[in-house]
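To keep things simple, chains are lettered A, B, C and D as they appear, and every chain counts its residues starting from 1.
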Amino acid sequence: MSNLENLYRQVIMDHYKNPRNKGLKDSEEYYSVHLKNPTCGDDLTIQIKVEDNKITEVYHDGTGCSISMSAASVMSETIMGMNLEEAKKVINNYVEMVKGEEFDEEMFMGDAIVYQGVSQFPARFKCATIAWKALDKAISNHENCSHRHDEEKIEVK
Amino acid sequence: MSNLENLYRQVIMDHYKNPRNKGLKDSEEYYSVHLKNPTCGDDLTIQIKVEDNKITEVYHDGTGCSISMSAASVMSETIMGMNLEEAKKVINNYVEMVKGEEFDEEMFMGDAIVYQGVSQFPARFKCATIAWKALDKAISNHENCSHRHDEEKIEVK
Amino acid sequence: MKVNDIMDINKIRKDFYVLNNNDLAYLDNAASTLKPKQVIDAVTYYYEKLGVNIHRGVYRLSYEATDLYEKARQKVAELLNCQFEEAVFTRGASNALNLIALSYGMNHIEEGDEIITSELEHHSSMLPWQNVARAKKAKLVYVPLNEENKITVENFKKVLSNKTKVVALNYISNAMGYMTPVEEIIKLAHEKNAIVILDAAQAVPHIPVNVKALDCDFLAFSGHKMCGPTGIGVLYGKYNLLKEMEPIEFGGDMIDYVGLNEVTYKDPPYKFETGTPIIASAIGLGRAIDYIKAIGFKDIMKHERMLRDELIDKMSQIKGITIHNPNTDTGIISFNINGVHPHDAASVFDEENVAIRAGHHCAQPLMHCLNEIATIRASVYFYNTREDINRLVKAINKAKAFFENFM
Amino acid sequence: MKVNDIMDINKIRKDFYVLNNNDLAYLDNAASTLKPKQVIDAVTYYYEKLGVNIHRGVYRLSYEATDLYEKARQKVAELLNCQFEEAVFTRGASNALNLIALSYGMNHIEEGDEIITSELEHHSSMLPWQNVARAKKAKLVYVPLNEENKITVENFKKVLSNKTKVVALNYISNAMGYMTPVEEIIKLAHEKNAIVILDAAQAVPHIPVNVKALDCDFLAFSGHKMCGPTGIGVLYGKYNLLKEMEPIEFGGDMIDYVGLNEVTYKDPPYKFETGTPIIASAIGLGRAIDYIKAIGFKDIMKHERMLRDELIDKMSQIKGITIHNPNTDTGIISFNINGVHPHDAASVFDEENVAIRAGHHCAQPLMHCLNEIATIRASVYFYNTREDINRLVKAINKAKAFFENFM
């Protein structure tokens, strides 16, 4: 399989075309995080609902390339129902994976496993992680009992 | 003779210690030009009186290193009594000389001829020429019937 | 016509290490051009042989460094046909354009005045004046773009008024490659006593620019877009304007006398060059100017136009792409592959070693006009070949086919 | 103690082409230091292997260049012990100090407020605040210098008041080599809710600087004084201050959203880095930081102090010269040969291939305090040797003898 085919797996394009859990809820129950990448125009909001230390609902909405938009959809499916500890482990594992570093191949990742190909395209790292960064932020806002609505821009590092 | 001895000739140091025509006149008859070199602190004013196309009086005053101060004194002696055309030729010849370019060795230069050694010290070119640049400016102000008092700063080029 | 008809492109390409060491079709020249070894050598010469500060040193190394720095200024002055004193070194075009707005703009614009700019501008040409307009309660007026998104004299006349004080426009658009009809615009603006600032970041590298003939009041460009080093650019200003303008930054190297409560400045250009200058980059820019002049603008223009014609011709035959500027005046082509996000397309180009740009090209208002989030931009320079064009066309076809698979 | 006791100076000197190719005692390090081959190589690497623009490119070369640029920022952050986001790249220290005054100063200083600075400042530390004071009708207050022309905590207390809003002082004086007692000054200033800006242009190259431990609010330095390239410097600012500050320059790379009449910016540090960055110089600065850290500040300080002690010792034995700062804290020595204009002396030094500086050192107010038009300044760095010191002493004696001839 070529690098490109490895990046744009069928399942990614499916999630891009038919995103799951897309559209935001207008309710104060959710922790929501709005992330933007001014450099490439990606613009994404995610919402989570936490009950009993478990993520029971996830929504997302935004605009961007197929990698960033599909990743939000995949992320929402993958972490739905997980408890916060599990979710944080998956986030870390996912980030290591798309960076091309060592990661735990045994951990349950759902469809997110197909983003392995991103490691060959470092310029797309931010596309693949924006949704997961937003999730990470939402979880820590919840844990710190901090503001429920967060606006941020992410940058190249 | 070493480069240094060639730069600091006895006659230069004499003019530095005992400047001729130093001190300004408080009269409207003179064309005066005030030049500064902000970078090294040289600060010099020269005054000329022109009668019948002839430079009949030259004065100077200021602060600076031995090269710049002596050059003002030497200049005042050299060009005193010359007509404007002659003076302009001497200015050009002097500048060529201190630059290390070809110059007319036959032309009357008075003591100014000893500034030949400056050509080995390009960093001192401005010191050696500030008085002559002021003279040049004063002559052209006279010729253009322009303002009698001129303030300028000179810079490295 | 063969590429080599115009100039010896293979010989030229040997000067560019990046081209020799990568199997690369480099078509992102509007962002930055590559640097030839002559420019790199000039920079290295300063660092290896001198490496010292300038202007204030009374020793030989410092004198030589000063001389090289000021000779670079002289080269800029000859390139633009201006006086030595009218060429101010800046960090780049953005820095130069901001300096004009902060100094000239903030001191001359008053409430109710009008500043003309356009939606075709690079953010660096437009935003400094948006800031002035906000601060001074002046009005920012946009030249209406025509159906092709061009600035025309006719449309310029519609917005020019007795209230116009400043006209800030691009000479060549970085997003669309159009040439603004600046000669006529400058004449018209001057009839209204408005000053004209040209953002020439895309012009100076590609066409001969003569500021005296143009009679523009200010002009700005960057070194890194014309084979020069990063971190250097030029602000040209008419001497009498520079002379009366206030400096924006204060400090070393720009002062005459400093007292505890007052200060007097040096004359231009030094009064605008605060602090230790960008010595190595200025010297490198001087060398870049020599390099480009040796090739010659006539040949550069001919060559770029040939490549543009070929590219437009080949791209027009591809179905399912939108070319936004088929009538581009230069080697800048802006397009989209229908249904494919530019960043997705870009990864295909990257796999094919074709370097293009995907994004808003620092021209977000124009993106709204085009009704796109982003576009793909290919831009050529004198070292590009027909082979580069062919590779771009191949990559476009590949991206199309690749993503059609998923449709 | 031999020089080589502290570090392998001969090996270090091999890294500096200028030292190898000239029989030179380079003692103008406070103006600019020389550049080692490692730094030159890092700059050349960017130009030869990459040469492209950063941040917005979706191709590999651009990604690598971006990575190198941002890694350099990370190195700055580690050097200063600050967050990545708190390190803004600027053109140099002057540019950084002006940015603080134009953004923080112009928006926070009000009529009647007091700004503390000193006559010991470099013009770049003082003049930006003279400008703010003039514009805002605030008062510029000078810490009285003591009999040695030092800033003391005691004298600082005399001028600190409830009206003090900003304290802008040097960390190490470029003209006298004194270290300002910044720790105590910062504590005292913070008790009055004043912010403290440190001009650390002469500090960061020579001593370890920890901004979190110091708790200063802003700090600035230049790359070219620490083995780095020209045209790069750093503004450190506490994140919450940077976050609320207005950018001064507008344009490419610093924006988030651009509309026709409004704009939103990126977060720090990007909102202050308008236009194409000074890519090569930033990468070179990163390498310079590695280079200096490998030698180690402990050894650098030890070595410089040894040279200073030796120099002061030897110079004290020369009759007919005035040392202005016999108690200098660093390797910066300021003196005059009695009866000889510094520029005249400088030509003798030049003939002897001893590079020193003669002038006002961008500190005119201090020259008034010293009652001199100009002074001669010698300043050492880690690559200097005792041989350099001996040559300076020899040149001083020669200049004295030479001009005494004419007396």
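Here, a residue touches a chain if its C-beta (ideal position, glycine included) is under 8 Å from a C-beta of that chain, and two chains touch if they have at least 3 such contacts.
The model shown is predicted, which means the values in this text are computed figures rather than measured ones.
Chain centres here are means of the Cα atoms, and by that rule the chain farthest away from chain D is A. When the C-beta contacts at B-C and at B-D are tallied, the pair with the greater total is B-D. Rounded to whole angstrom units, the spacing between the C-alpha centres of chain A and chain D is 44. In whole angstrom, the spacing between the mean C-alpha positions of chain B and chain D is 38. With each centre defined as the average position of its C-alpha atoms, the distance from chain A to chain B rounds to 76 Å. Multi-chain contact residues of chain D (touching two or more other chains) are listed as 56-60, 62, 255, 257, 343, 346-347, 350, 358-359. The set of chain B residues that touch two or more partner chains comprises 39-40, 123-124. Chain contact summary for the complex, chain D toward chain C: residues 16-18, 21-22, 24, 26, 28, 31-35, 37, 39-40, 43-44, 47-53, 56-62, 91-95, 97-98, 102, 119, 122-128, 130-131, 140, 142, 222, 224, 229-232, 248-253, 255, 257-263, 274-281, 343, 346-347, 349-350, 354-359, 362, 364-365. The part of chain A that touches chain C in the complex is made up of residues 2-4, 7-8, 10, 13, 17, 39-41, 63-67, 121, 123-124, 127. Residue ranges of chain C in contact with chain A, taken from their complex: 341-344, 346-348, 350-351, 358-360, 373-374, 402-403, 406. Residues of chain B touching chain C in their complex: 36, 38-40, 122-124, 152-153, 155-157.
Chain C meets chain B in the complex at residues 55-60, 62-63, 66-67, 70, 74, 84, 255-257, 266-267, 270.
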